[in-house]
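Note that the chains are named A, B, C and D in the order they appear, and that numbering of residues resets to 1 at the start of each chain.
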Amino acid sequence: MTFVGNLPFVVSMLLVCLGLYVLLFKRNLIKMVIGVSLVETGINLFLVTLGYRAGGVAPIYTYAPVGATQVLPTPQALTLTSIVIGLATTALLLSFAILIYRHYGTLDVTEIKELKG
Amino acid sequence: MNALATHVPILVIATPLLGAFAAPLIAKLGRTTRVAFSGLIAGLTACFAGLLAATLYSAGGQPIVYVLGGRVPLPSGLAVPVRIMLEVDGLSVFMALIAALVGALAVLYSVSYWKERSGGALYDSLLFLLIAGVFGLVLTGDMFNFFVFLEITSIAACGLIGFRAWRKRSSEAAFKVMALYTLAGLLVLLAVGLLYGQYGGLNMAFLAANLSGSMLDRIALALLLAGLAMKAGAVPMHMWAPEAYGEAPAPVAMVLVANSQAGLYALFRILFTLYGVALSVTAIGWILIVMAVLTILVGVTMALVQSDIKRLIAFGAVSQIGYMLLAVGVGFAVLATRPAFGLAAIQGGIFHMINDVACIGLLFLAAGAMVRAAGTRNLNAMGGLAHDLKGLTVLFAVGAFALAGVPPFNGFASKLIIYESTFRLSPVLAIVAVLGSIILLAVFLRAFQAAFLGPRTVGEAGRVPWTMTLSMAVLASIVIGFGLFPGFFIDKLVAPAANALWNGQAAYIGAVLGGG
Amino acid sequence: MKRALLAVAFLLVASFLLLAAAEMRPFGAPTSSVMDDYFLGQAQAEVAANNVVTAVVFDYRGFDTLGEATVLFAAVVGVLAVFRRLREDER
Amino acid sequence: MSKEMSVIVRTITRLTYVLTIVFGFYVIMHGHLTPGGGFQGGAVVASAFALFLVAFGTAGLKGRLNAHLLQSLEEIGALTFLALAFLGIGTAFFYNLLANSGTVFGVSVLPGPNPGLLNSGGTLPLMNWAVGLKVMTGIASILIAMLVGSRKEAAE
């Protein structure tokens, strides 16, 4: 259990916490979308740091240095997938925010009936 | 035929995907072609799901493993599965049958329900995506792949919830549901990352064989529990459910019930198969039981005060999630000692899944027809529908009585098992469960009286088209059939599913890793 | 009241996450890399691709990629659906 | 943002967006050899499209492209991807039938670091193209739909 050796993990988790904070305590729809995005980014960072091997290079053989250690490819593939999923959710959330703005003329959660709860 | 049986697990998922991708292109050929294509895809999917069930049951319930892109689960000399796999056991097949039933009926119902509306092709596409996502959730044997399907269902569901873009509440509900679903998905993803970081694998069977019960495993379990309970709509993460069910078009609300159950399925799969007795089962079981009791109570009390027919049914749906969670929580709490009533509780919970989807689905579909006929969702403004809509009256009554657990309908059959088995663990639980049913009966009697009795308010204009009646009739026949012959269906369908949870862990792992 | 409850929940989750990060194995030293070493060793022979990440994305975990493409498709259909041209009686 | 932006932005956009598109296609084409692939390349092409929309507005499209046309292209990309996955159904869904087959994209590669061959990878390059088409048209149609949607709100 160490914070210093695991600094990259700790930093990505901090990013997740920041995103959660924004999502829970901000009252503007766009800021809430930014919060969701931050959580996503934090988790993507966490996934990518999982695959790092000390001194490793990218797992691509084209013109790779001979005999070098390569980092793990699976977390990179997972991150790629989750980035695209994050893009899709963000696009949909923003579309609904635009629609709500069109209906109410505001993005403030406290002025929108259903979202108060 | 043999080759078809080999590939049927992937065909179940790929067929609705094909339907979703092709629907907007096919729709350019005209409405008749579009409807025929949707029917073809829905029928084909249901056939494949039936074939999958037949294959599994004829093989004696041994889990089927389908490796995507390879011939064998394990490359020679390796202890880790490297490819994504679908793993189908009794419980998966049971859930797949529910999804197939609900999907086919939703498509059938939508033919007339969505006739007068814009965006029919996009609606079809999203509906097929939702169905494909539910199939993927229940059939996959890979943790990350599970997350991907979770997101497919979330996005398709929210697209459908916000589909009536002219309604203010639809877009609000869609935003709220989307944010919470995304959060749930991200919690699951974080847990998957934690598990991968420790064991270097993503396959469920591989993880189940290697879990050591360390601190990180418990944190991952807490994240999975929170995320999946949120997806299933259990209290205290239920706040999205009434909005979602209430604002989604009626057939979509029915598919969303199956979607919530898929979240519940994943919860059970992770608890029983992935973690199993490596945990302190009693503590986790009681956490589930407390959540379940809260879900039942909150669901029924909130249903009491609703005047919007769809939200009323929505809270009823929330309370039913509580019954399933209660039964399976009781089963999990006693997993270490394995008394007979534990298995009975799990059987009751799983049997209640298909009963719930049938009667809640029937109620949602009936509510769709009622709102269409009366032009309002407010129960106080509705009235006298029984004068002109006799068939609908009977169908709604069947669904309402079944949901409240009145004999001889199917809700009674499964709730009786739940009462009996939970009583053995603690009489208080059974009392809460009975109390919930009684309040629910009161709720639906009031709704029935408000909507159907009283002076005539609608004329012949509100007639229900035949495809809508047919899909409701199918559900009603299931409600009555399962209520009259519960023993037969428990024996054929529920027992393999319950056994897969109760003592299927070794078989599930052995099917991938060999040995057993 | 509600905000206080939220704050407690938030602090709980945050401490959980930081605890998880601290409990992780040291950065840069994966405990088990059997699956990934298989990818690194076999991708060129089995898939004939020099980019191992692409080999994983499109071959070993191709089904995930299909799912991901489906997610994007769902988002596009969803966005087009909510911004579609409504009929007169639907406004 | 339906209006055009200033002459500086428009000139720079005219200079760069074609280059960006070419680079995106390069990334898609060499997905199995160099960093990148269908998703990344498709996103690069879509970003060029976003730049174009920012500079010229939807009026710059002159009605030649709309969200529904792009969405049809996206469906074709998705269907192609599904079909390529079905290609290997003789063995299993997603089985890489073309790799090491000696036919199109079927050249084997030597193990270890090497310059790479474009004609390798089996179904991978084809899938990269399908996904690239899907992603570029998908994101582009989202962009157009959201632009048009938010402009309608301003007009009301």
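What we mean here is this: a contact is a pair of C-beta atoms (placed from the backbone, for glycine too) under 8 Å apart; a residue touches a chain by one contact, two chains touch by 3 or more.
All values derive from a computational prediction rather than experimental measurement.
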## Note on the structure
Per the touch definition, the chains contacting both chain A and chain D are B, C
### Query
Computing the C-alpha centre of each chain, which chain sits at the greatest distance from chain D?
B
### More contacts between chains, B-C or A-B
B-C
### Query
In whole angstrom, what separates the CA-based centres of chain A and chain B?
29
## Note on the structure
Between the Cα centroids of chain B and chain C the separation in whole angstrom comes to 23
### Query
What is the distance, in whole Å, between the centres of chain C and chain D, each centre taken as the mean of its C-alpha atoms?
20
### Centroid distance [mean C-alpha coordinates] between chain D and chain B, Å
36
### Message
Two or more other chains touching the same residue: where does that happen in chain B?
### Response
17, 21, 24, 68-69, 144, 148, 151, 155, 158-159, 162, 165, 171, 174, 190, 197
### Task
Quick one: which residues in chain D touch 2 or more of the other chains?
33-35, 37, 39, 71, 75, 78, 82, 85, 93-94, 96, 109, 112, 114, 116, 135, 142, 145-146, 149
### Task
Name the residues of chain C that each touch 2 or more other chains.
17, 20, 23-24, 30, 33, 35-36, 39, 44, 50-51, 53, 55, 57, 59, 61-68, 70-75, 77-80, 82-83
### Message
Testing understanding: with touching defined as stated, what is the shape of the graph linking the protein chains, line, ring, star, complete or other?
### Response
complete
## Note on the structure
Given the complex, residues on chain A that touch chain D span 58, 60-66, 80, 84, 87, 91, 94-95, 98-99, 101-102
### Residue ranges of chain D in contact with chain A within the complex
33-35, 37, 39, 109, 112-116, 135, 139, 142, 145-146, 149-150, 152-153, 156
#### Entry: Of chain B, residues touching chain C in the complex
17, 20-21, 24, 68-69, 75, 78-84, 117-119, 122-123, 125-126, 129, 132, 136, 144-145, 148-149, 151-152, 155-156, 158-159, 162-166, 171, 174, 190, 194, 197-201, 215-216, 219, 222
### Of all residues in chain D, those that touch chain B in their complex
71-72, 75-76, 78-79, 82, 85-86, 88-89, 91-96
### Query
Which of the residues in chain A end up touching chain B in this complex?
16, 23, 29, 32, 36, 39-40, 43, 46-47, 50, 74-75, 78, 81-82, 85, 88-89, 92-93, 96-97, 99-100, 103-104, 112-115, 117
